[in-house]
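I'd like to ask you about the structure that follows.
First chain written, first letter: the chains are A, B, C and D, and each begins at residue 1.
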Amino acid sequence: MISVGIVGGTGYTGVELLRLLAGHPEVRLRVITSRAEAGRRVDELFPGLRGHVDLVFEAPDVEALGACDLVFFATPNGTAMTLAEDLLARGVRLIDLAADFRLRDAALWEQWYGMPHACPGLLEEAVYGLPEVHRERIRTARVVANPGCYPTAVQLGLLPLLEADWIEPEGLIADCKSGISGAGRKASVPLLEAEAAENFKAYAVPGHRHLPEIRQGLEAVAGRPVSLTFVPHLTPMIRGIHATLYARLREPADAATLTERFARRYAGAPFVDVLPPESHPETRTVRGTNQCRIAVHVPQGGRTVVVLSVIDNLVKGAAGQAVQNMNLMFGFPETLGLMQPPLVP
Amino acid sequence: MISVGIVGGTGYTGVELLRLLAGHPEVRLRVITSRAEAGRRVDELFPGLRGHVDLVFEAPDVEALGACDLVFFATPNGTAMTLAEDLLARGVRLIDLAADFRLRDAALWEQWYGMPHACPGLLEEAVYGLPEVHRERIRTARVVANPGCYPTAVQLGLLPLLEADWIEPEGLIADCKSGISGAGRKASVPLLEAEAAENFKAYAVPGHRHLPEIRQGLEAVAGRPVSLTFVPHLTPMIRGIHATLYARLREPADAATLTERFARRYAGAPFVDVLPPESHPETRTVRGTNQCRIAVHVPQGGRTVVVLSVIDNLVKGAAGQAVQNMNLMFGFPETLGLMQPPLVP
Amino acid sequence: MISVGIVGGTGYTGVELLRLLAGHPEVRLRVITSRAEAGRRVDELFPGLRGHVDLVFEAPDVEALGACDLVFFATPNGTAMTLAEDLLARGVRLIDLAADFRLRDAALWEQWYGMPHACPGLLEEAVYGLPEVHRERIRTARVVANPGCYPTAVQLGLLPLLEADWIEPEGLIADCKSGISGAGRKASVPLLEAEAAENFKAYAVPGHRHLPEIRQGLEAVAGRPVSLTFVPHLTPMIRGIHATLYARLREPADAATLTERFARRYAGAPFVDVLPPESHPETRTVRGTNQCRIAVHVPQGGRTVVVLSVIDNLVKGAAGQAVQNMNLMFGFPETLGLMQPPLVP
Amino acid sequence: MISVGIVGGTGYTGVELLRLLAGHPEVRLRVITSRAEAGRRVDELFPGLRGHVDLVFEAPDVEALGACDLVFFATPNGTAMTLAEDLLARGVRLIDLAADFRLRDAALWEQWYGMPHACPGLLEEAVYGLPEVHRERIRTARVVANPGCYPTAVQLGLLPLLEADWIEPEGLIADCKSGISGAGRKASVPLLEAEAAENFKAYAVPGHRHLPEIRQGLEAVAGRPVSLTFVPHLTPMIRGIHATLYARLREPADAATLTERFARRYAGAPFVDVLPPESHPETRTVRGTNQCRIAVHVPQGGRTVVVLSVIDNLVKGAAGQAVQNMNLMFGFPETLGLMQPPLVP
């Protein structure tokens, strides 16, 4: 049983952490902070948690957080880095669900996030929390950088191909579609139901912050530069990411062979489910779960391989992956508290 | 640990039973039948259940079902009654999620359901599975008639008022709104997304089969005839029922007093959550859960009391309530396997 | 051809006015104001209007507005009343789509809207713009108070019954469901798609500002006090209101007889369509149109009459009705520019 | 004024044709056929058309159709080809909204559509009804093959690049997302709202019938073979297609230059709207309209050009384009009856 704190519990990743941790048998939720909601019961803001979470939001306080074994940051970018060293000094381990520790290169981080980094010295130590790549390092990490939602779906879909050097590392395309909860719980006209329902659009085509994160991950496994075009889209649903990935095969290969390769690669990964060749994974089959489901196609026997990869952006793309990382860090079974079937329909 | 069968596992109540039973610690799912899908893996039809359900649909067979401790019928109306006596004779207990055993009066049943009843003799014995009213009788029942979705939301909202004789039993109004999964998983043009999304309509205003069921339940607790107008509507979402209930108070009373009365009435009911006076329960706060949340209003201090009652039509309105009944029948804790927080957002 | 101005063109009623006026053969749109967007092209904010509206938002200016024949106010409550007298003095006629001139009793207005009224003297002169009741007075009005969305759907559904004295004026119930565009185009967390999609809730049950407006209208035609319980709900779609109305018949009557009565009452009303008895009007059948469709039921031959009334909240419930009023005020055919079929599916 | 017939008026393209033709000043709708609904009033099946269409569905009859100037086929594939020669012999001109005349190569058609072609001799004569390419030939055509929805969005997005030879004709990618009305008005479980809402999926990745149609069109303008990977997806909304198109530039070029090239190419095309460089067109800005809106990106100044192209699948992707073709065929202004602004929100 560990004692856990959450900094910033009022956004969608925060409330999703609450949902998952409320039922986790090895977690005692000790403190949850929100400057704006300090003093208010959590279940007053989120009535769905009545009977599940008996906490009151507190203003962030290093003393209280410092008494936890683990602190999750479900905050905007730039928050975790200001508290990290203080908490580490008190022996607390950290999982940041924002981007503060995702890029290893501080200059690159500052370019994409538009602010100076408060503790660049920690970037080297922080472990990128994609268990399918860094499982062993996560077990002993003091700081885990929980991956972004798009980077999770894209990397899991492309890793087996790059690791095996089956595709050309140039001209990769990641056409991604996200449900609107990925944009966060903030008052904003374009996110209104009257604006976003019955509408589909691309956004940030000139450049999205998840691009350098994806590239860093792909290049690490490829061992060489990778060129990638990443186009995110907003699709009118609440949860789910569908990544449609395109690459050029070095040698002809059929979907069955590639699928087998994917299945072998993810044999030990409890949350990656490789579907039969030429399947079409649906986002709803992972709704509320920590699964990533993947299918491989080689249309018309050509040289273009198409990988379809789906996750729930708030679970495997955020809070669920954070709990998976926590399980690894504290020696719990990797799947503990994360095995509910999806909510279908 | 009990051995359980499901007859008719391809509809929404069937797959929801699978979701709930897959994680139930006292249940071994032994057989699931579907004439149409016999021979097909369950997780092929419902890929979300990959890793959770390792069964193959079978043609219905009394021998196989007869070896279970409990059989759920998640079938169309008129199916359970044809198998009930055979299974009871083999010592199996039954929960029918359809309507075969909901009305005590066979003639009334035949009038609303348009077919002869196959075993009217069982109607007397069958227990109406609304635990908030019949908890003790359910524990020993051989046949439980699981309530309809609308009847659950409406009865839980009106019972405290009728039991205490605080309202006139005439002129009750139940204006109910249901998500579309309540209409079932059947190929039908009016249920297409292109027809039902971005649309709101009433249906069956002249008469809906849940009307006699609601009336029977209300009259039983009121101890007198009750007149009720019931208008169901289809709202463009997947899950959830919102019942807006109107009645005339015998004596003036404020929302706080009535709320307290509701809270006392449901003090021992783990799945009924009475909200503070003048709250507005949202269907999403019960999505995927077995909760019913209720709030009481007396607008402008008048004589009309307004009760708002929300459930997930597939859980407390169907499969969840069935599992709650199973827990009672077999001496498990009433809430076992049913305590997940809702999926919000 | 008249010259028209719009004050406050950035909300949903404003942009809907633009859509309707852009195609109106007798209107030249001369000025559109928005303090926040002054200097920005209208079709930059609303790219759907590219090629249809060639205007730039201007800061509100009495001179420019004073040169118009007609000014629409698509502003928050409390704006039109501050400019009305100035504009009237310049010979401009006004249609206020907000609530400033809807209630005849200034004290009642101030109680519900929480501010002093700037020109109570105009309340007597202003004409309530429900053409099905005040068609002749609208023709010559200088100030038209365009009705609220709920009040339009509710009054059109109840008027024939109250005028003919067929129902008791007490205990009326208006259970109304609105699409989310009714809440306006404002940054607000509860209106986000991630909050409002896949959710249904009542709101403002203790009291909604449309209640006194509805009551005033019903009492005027009934010629006596009317008691009404009004419960608005938010339904997860963009456009549409469905009012489900309940009243007690003084004498038994069947749906066919009542339907005929409705049809006679609305014989001269081009935008009220009375459906065959026991129909279920769908909101999508009026999407984008100025129609109100109504059906009458008397379930099980009882004494409760149920009227179903649907409109598009932004058209007949706002901008379309305003254009209808404009047509009447300037002697154009009542239906001019308003006869497009709905967008179905 | 021309006399028009519609064969197959009960699907979504049929009812959309009715919506557009009902308001067209040069069209008299004379006959509409449906074997299944023969004898039923059109506005009974589609109540939104009450007051707009005063016809009764008839069984298909060559005599009645033969008296029209123009017959639209809004039928399943394989229907128009069985009636075409008979009608042409009577001097009727034809627009087929299905696929019977889209491919010039009968063998290819038979391979993808799985049936023998009934009148391969007409394939040579039939004109592919994409006015932005074949405007002059359409004017005099007897048979117009109205393009598919995906092919319209994809071809309009890629034509300027291929015509100018600015991109490599190999490795093109068309990642397309369609609202569900594109799947038609047919009873089918996967199209139910409870299945398709809150879900995103790819489909037909191994091969979709629109692929050869797109390739034929692109190769015709490129004057050489083109290789294309086409992946369609279903997005949970009713109307709209968003095509995200990827190609490799032969020479470096920026978005502004390419945008200008697109604008010049479509200068005479009233229904193609090229947005400023690096815009993100939204499907709702074309909802209910015949517009195609296009934006061009060259992310990070690389060699991959990304074109975003949106249409309403039922209008520019079907019925609206058919009316545009009709206007051309009969010498009406190309935009007649097609200039309504979109329905936003």
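The rule is simple: contacts are C-beta pairs under 8 Å (C-beta built on N, C-alpha and C of every residue); 3 or more make two chains touch, one makes a residue touch a chain.
The shown structure was predicted, so the numbers you read here are calculated from the model rather than taken from an experiment.
A.B. asks: State the smallest step count from chain A to chain D, taking one step as a move to a touching chain.
C.D. replies: 1
A.B. asks: When B-C is set beside A-B, which has more C-beta pairs in contact?
C.D. replies: Counting C-beta pairs in contact, B-C comes out ahead.
A.B. asks: Please work out the Cα centroid separation of chain B and chain D, and write it as a whole number of Å.
C.D. replies: 45
A.B. asks: Counting only Cα atoms for the centres, state how far chain B is from chain C in Å.
C.D. replies: The separation of the two C-alpha centroids amounts to 39 Å.
A.B. asks: Could you work out how far the Cα centre of chain A sits from that of chain B, in whole Å?
C.D. replies: 37
A.B. asks: Chain A: which residues touch two or more other chains?
C.D. replies: Only 12, 179, 181, 185, 194-195, 197-198, 236-239, 281-282, 284, 287, 345 qualify.
A.B. asks: For the complex, which residues does chain D have touching chain C?
C.D. replies: Result: residues 12, 15, 18-19, 22-23, 46-52, 181, 185, 197-198, 238-239, 273, 275, 279, 281-282, 284-289, 293, 314, 339-345 of chain D touch chain C.
A.B. asks: If we count contacts the way the header does, which residues on chain C are in touch with chain A in the complex?
C.D. replies: That would be residues 12, 179-181, 183, 185-189, 191-198, 236-238 of chain C.
A.B. asks: Spell out the part of chain A that touches chain D in their complex, as residue ranges.
C.D. replies: Residues of chain A touching chain D: 171, 173, 175, 177, 179, 194-195, 197-203, 205-207, 227, 229-231, 233, 235-240, 242, 244, 246, 248, 278, 280-284, 287, 297, 299-300, 302, 304, 306, 308, 310, 345.
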